[in-house]
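For reference, the structures are reproduced in the following blocks.
What follows is a pair of complexes built around subunit A, which joins subunit B in one and subunit C in the other.
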Partner chain A sequence: MNSDEILAKITTIMRETFNAPALVISPEMTAKDVKGWDSMKNIWLIVAIEDSFNIKLTTSEVIKVESISDYVALIQDKISN
Partner chain B sequence: MIFHSLDYLLFFIFVVAVYWTLNRKLQVIFLIGMSYFFYGYIHPWFLYLILTSTVVDYFCGLSMERHPDHKQTALLVSVVTNLGLLGFFKYFGFFVDNVSELLLMFGLPGFTNNLDIYLPVGISFYTFQTMSYTIDIYRDQLKPRKNFLDFALFVSFFPQLVAGPIERAKNFLPQIECERTLTVKDVQSGLFLLIWGFFKKMVIADNVAFIANKLLFLEETSFLLVWVGAFAFGVQIFADFSAYSDIARGSARLLGFNLSINFNHPYIAASPAEYWKRWHISLSSWIHDYVFLPLALSRKLRTATAGLIVSLFITFFLNGLWHGAGWNFILWGIYHFFLILLYGWARSHTPESIRDNSWLRPWQVLLMLFWNHISFLIFWEWELAYTLRNLTLSPFANSEIQIQTAKFLFGQTLLYSLPLWGHTLFAYIQERFFAKECWQVTLFQTVASMIMFFGILVLRGDSVDFIYFQF
Partner chain C sequence: MKEWSLKECSWLPEVPTNFRDQCVAIRSSTGDSASDLYRLAQHRLNSSQLNSLAATLSAVQKNSDSCQFKNYFRLGLVSNATTALFVPALRASALRYGICLDVVEAEFGQVMQEALDPDSPINRADLDAVLLALDYRGLPFPEFFEGFGRSDVVTTGNDEAVDYISMLRDKFSAGGKRAIIVQTLPAPPETLFGSYEYRLNATLRRQTEQFNSRLADISQDSAVVLLDVAGLANRVGLDQWHDPMQWNLAKLPFAQNLVPIYTDYIARLLGAIRGQSRKCLVLDLDNTIWGGVIGDDGVDGISVGQGNALSEAFLEIQRTALNLRSRGVVLAVCSKNEDATARLPFKHHPEMLIKEEHIAVFQANWIDKASNLETIAATLNIGLDALVLLDDNPAERAQVREALPQVAVPELPEDPSFYPRALLTAGYFEAVGYTADDQQRAEQYQANSQRSSLQSSSRNLDEFLQSLAMVAKVDRFNQQGRGRIVQLINKTNQFNLTTRRYTEAEVVAMEEDSSIFTLQVRLKDRFGDNGMISVVVCRTVGKQWNIDIWLMSCRVLKRRVEEFVLAQIVKHAREQGITTLQGEWIPSARNDLVKDHYANLGFTPLKEQDGSTFWQLEVEDYQPGTPPITIEQS
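So, the complex of A and B:
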């Protein structure tokens, strides 16, 4: 799965998680750029990403994530391993 | 030593004058010595506690690198030591009193707490700061430091030792380890932070504290008096605590360090989630990273909604408890937990087009201020019975004299709080229309500093301790 495909899948997950069908995301976006991306929604997002990509993320991995591109890189790394 | 004293002024001038004549290594040794003097000035035996925390966490950090198989044991030693110190000195009396009351409730003999434990100021701050060091090493986010002196300064750095900001090792240690410089810009911004901090503490917080204390200690009170009291306390606690952070940041900047921003105009938050990103940022981000996240992502809690709610409850319970050994603080934490839940639920049931409409924001800010005023009343009052009384007073039962007093004191508090709102407005205008460094901003800061300097001379209130010293 390449980074564009991962990004597309994350977009779908985020639209559902944040209940925002019109949400458009880009790799450089952070939690500050997305309305409603708070700590609680972040947990929903992590769990949805885990289920959708069939991976497990640890606290140490998640805490380093600052932008969407960090998520893409982390997911890519997890899938390839 | 307290910031708003002549002792600190003389101490700080001496520190800055000597500090910049030394090389990096000597600067570190000198700052450790001065920090220990600063802390020991309050009470010399406090130094044993900070030294214990420093030595234990230094060796735990090294041990995690040398013995990766026993990482968890080293982390446990660090956490137990720090929480043990905090638990004994801050919560022991509270725990014993509550157990005794519980026993009495069941008809069993209670006991008296004869140990009068003196709370060492700053213990809640530096224990959290050192724990972030060992936890980050455990999580492979940080390399342990071999230089004991650099680490000792990270734990004891006097500007932020007593009431934060709680610095993270990965931000602050690299600043200790490199050569420091002092530019004209650093001097300008450092002095502005210092004078703004002293103004907020000595003119706003100390004067408004008088009003808040008068109103909230009244035995015979009314709805208007209590709510003006809450307003005054809200102004006081923000001015007081953010003043400490600004003086800490200003002092640090004149020594070549950049401490993190602790307050970002919290009273313009439109929701509880936003409020916690603006209020006491160094504590809320600490609690988020080291309590909430590991709990919510733990195997048992991560999937179910109930798990998230439990994690959130524990987080806010501990946030409240961190503030002090009293049920009012715990209740305050639980109140904020319910606010977060309520807003989370309301947001998910509001159409996308409405919930982020910018026209609604001023109303959302006002509503958040209202919720905050309830939280001030919970936070302030140690006796639950009085909290309940305060929150259930009838808005229509105010005598004429109570109405006049409330009007007068509301006007006074509003007047004292104007610089705080002005600062928020200035930050907004600066962000929108001016570059970060331009002559207009420098000119404004210079004029404002001069006005504030005279304000301190003429308008200073009776000196009151910083509120967060008790935490």
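So, the complex of A and C:
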């Protein structure tokens, strides 16, 4: 899965999580750029990402990620190993 | 086919592909949004879909005052952990049980403050129940390293935790007006000693277990309702349940991918509190309770009984149905078959556990299943929303769901060995109590349905009543009858002339008061014992009896029991020199049925006052009827 495919899948997840069907994301975006991306929704996002990519994120990874590109890199790293 | 899974609620049908479009449509619809939401909630929704449905519900609540749900429930939520994440999912899950749920959350970590402050958000709110969603970290168990193995630690620790729960119950129950729902505690999976852990009292493994067992005791004699989260966590697996990363990250008390099943567990309990649990299990026959097709394979060809793995699987399905029946769930049959053919295994297969006598309504014909289910509900005089259909055929299941969304139809795994698990996990028969009455309910409903089939075969009502061979037993109030008398006085709504409620203490006082005449009536017929079915209380004023209570169980409506009861009252009145009976109908929301009760019995109207009507009968003018009821001599 390349980074574009991962980004597309994250878009779907985020549209569902934030209940925003028209949401468009780009790699440099962070929580403050997306309406509704608060700390609570962030947990939903983490759980949904773990579920749909079938991966497990660690505590240190979760507290470090900020931007969409952080997520993409993290996921890419997890699924290639 | 995907594996059957508890956490994915596999008994629910798959989510329609246009789920999100349907949510949008409900928001902008002007139609019956409540039933659209109910219908959509019946699917296997994941967390984000539950959240979307909850958002749709919020929009509907905001935009439309006219949307009428079957039930409303207001729940307070108190926890030592983060609950905000599952609240929307809980509201959506409640829709599955026909409940429009509003949740009032206590502030995070403010359990004690909420309890002690009479003006706290929870104590201030108008609530039906409060859920104490505490886990082991929220209860005063002593830290193990503070003194493990000391026997006093375990005693003190548990007493403290139980006292704490009792205190919270007392503070939150608003003087007994609210139910308090308390969770059993899943143990943490980590052990310090390995197997030896179980021998040490002060370990959390033992502490939580002992706490749970004491909680069961508390809930026997108070307003506490148990939510068996420990049982759920054990089924999921404690390692799956507890996610230390999520706890550290946001104080989430259990892994968030389990939210759909956790909230369904709560919702089904709220449903049970609201009386929404289902009452009747309808069984398909071919390949559901036996293997094979009776019409093709014959009695010798179908598979059920000891001997091979598959036939034993069907035996287990039958055992499950019978166990449910002895719990009070009525059994019925709905099968596409010739009636005579369908009955063959019940009559002639030696290993069938279910017999014809266990089946209250037997519908085997070629009419569509939805119509047959309607007949079953009508015959038993229960709602369609009290039915569960167990059927191996996916097409039939889909058709029934489409035609009758109120009927629960579990999706089944391919392998019949797993049918009992699917059926019993779905939460259809959730209970918040279990009484002697429940144990007999299946038989009572069954007797009722036999009576009604007799009624349709009898040419007229009198003939039918004659054929019932009714025998009544009449007594003054006494200690043996007291429990049921109090229950009838406080529960009967329809056939109840005055709807006056009395406590047990007041009923005891009536037994001893010579100025009060009391009557309790039991009724048997050829189909069984109906138990106590009527209660009368008269207060003496001079030479007159004022009928303070006259009520009757609707189970024996239209059987001329009231005529029989009046004859009994008159007989005693004469013996005691009473000349006049005065009756009163106080209208309530539910007792229109007895508006003309006294007129029908030959009383003359006396007056109307504040909406109530008063009626009078001179004892010497009384003309006895001839209800076909004989009296049992005690």
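Annotations
Simple rule for what comes next: the second predicted complex is superposed on the first by the 81 of 81 C-alpha atoms of A that agree within 3 Å, B and C clash if a C-alpha of one lies under 4 Å from a C-alpha of the other, contacts with A are read in each partner's own complex, and residues count from 1 in each chain.
Just so it is clear, a contact is a pair of C-beta atoms (placed from the backbone, for glycine too) under 8 Å apart; a residue touches a chain by one contact, two chains touch by 3 or more.
This structure is a prediction, so every number in the text was calculated from the model and none was measured.
Judged by the touch definition given at the top, the superposed model places A:79 against neither subunit B nor subunit C. Looking at the shared chain after the overlay, A:47 reaches both subunit B and subunit C. In the superposition on chain A, A:8 contacts neither subunit B nor subunit C.
In the superposition on chain A, contact of A:59 is made with both subunit B and subunit C. Using the contact criterion defined above for the overlaid structures, shared-chain residue A:36 touches subunit B, although it does not reach subunit C. Contact with subunit B, but none with subunit C, is seen for A:20 once the two complexes are overlaid on the shared chain.
Overlaid on A, the two complexes show subunit B and subunit C touching the same residues of subunit A, namely 19, 21, 39-40, 43-44, 46-47, 57-59, 62-63.
Subunit A contributes residues 19-22, 35-36, 38-41, 43-44, 46-47, 57-60, 62-64 to its touches with subunit B in the complex. Residue ranges on subunit A touching subunit C, taken from their complex, read 16-17, 19, 21, 39-40, 43-44, 46-48, 50-51, 57-59, 62-63.
Against subunit A, the residues of subunit C that register as touching in their complex are 20, 47-49, 51-52, 55, 84-85, 245-246, 248-250, 252, 256-257.
By the touch criterion given at the top, residues 139-141, 273, 288-289, 292-294, 296-297, 302-303, 308, 311-312, 340, 344, 347-348, 352, 355-356 of subunit B touch subunit A in their complex.
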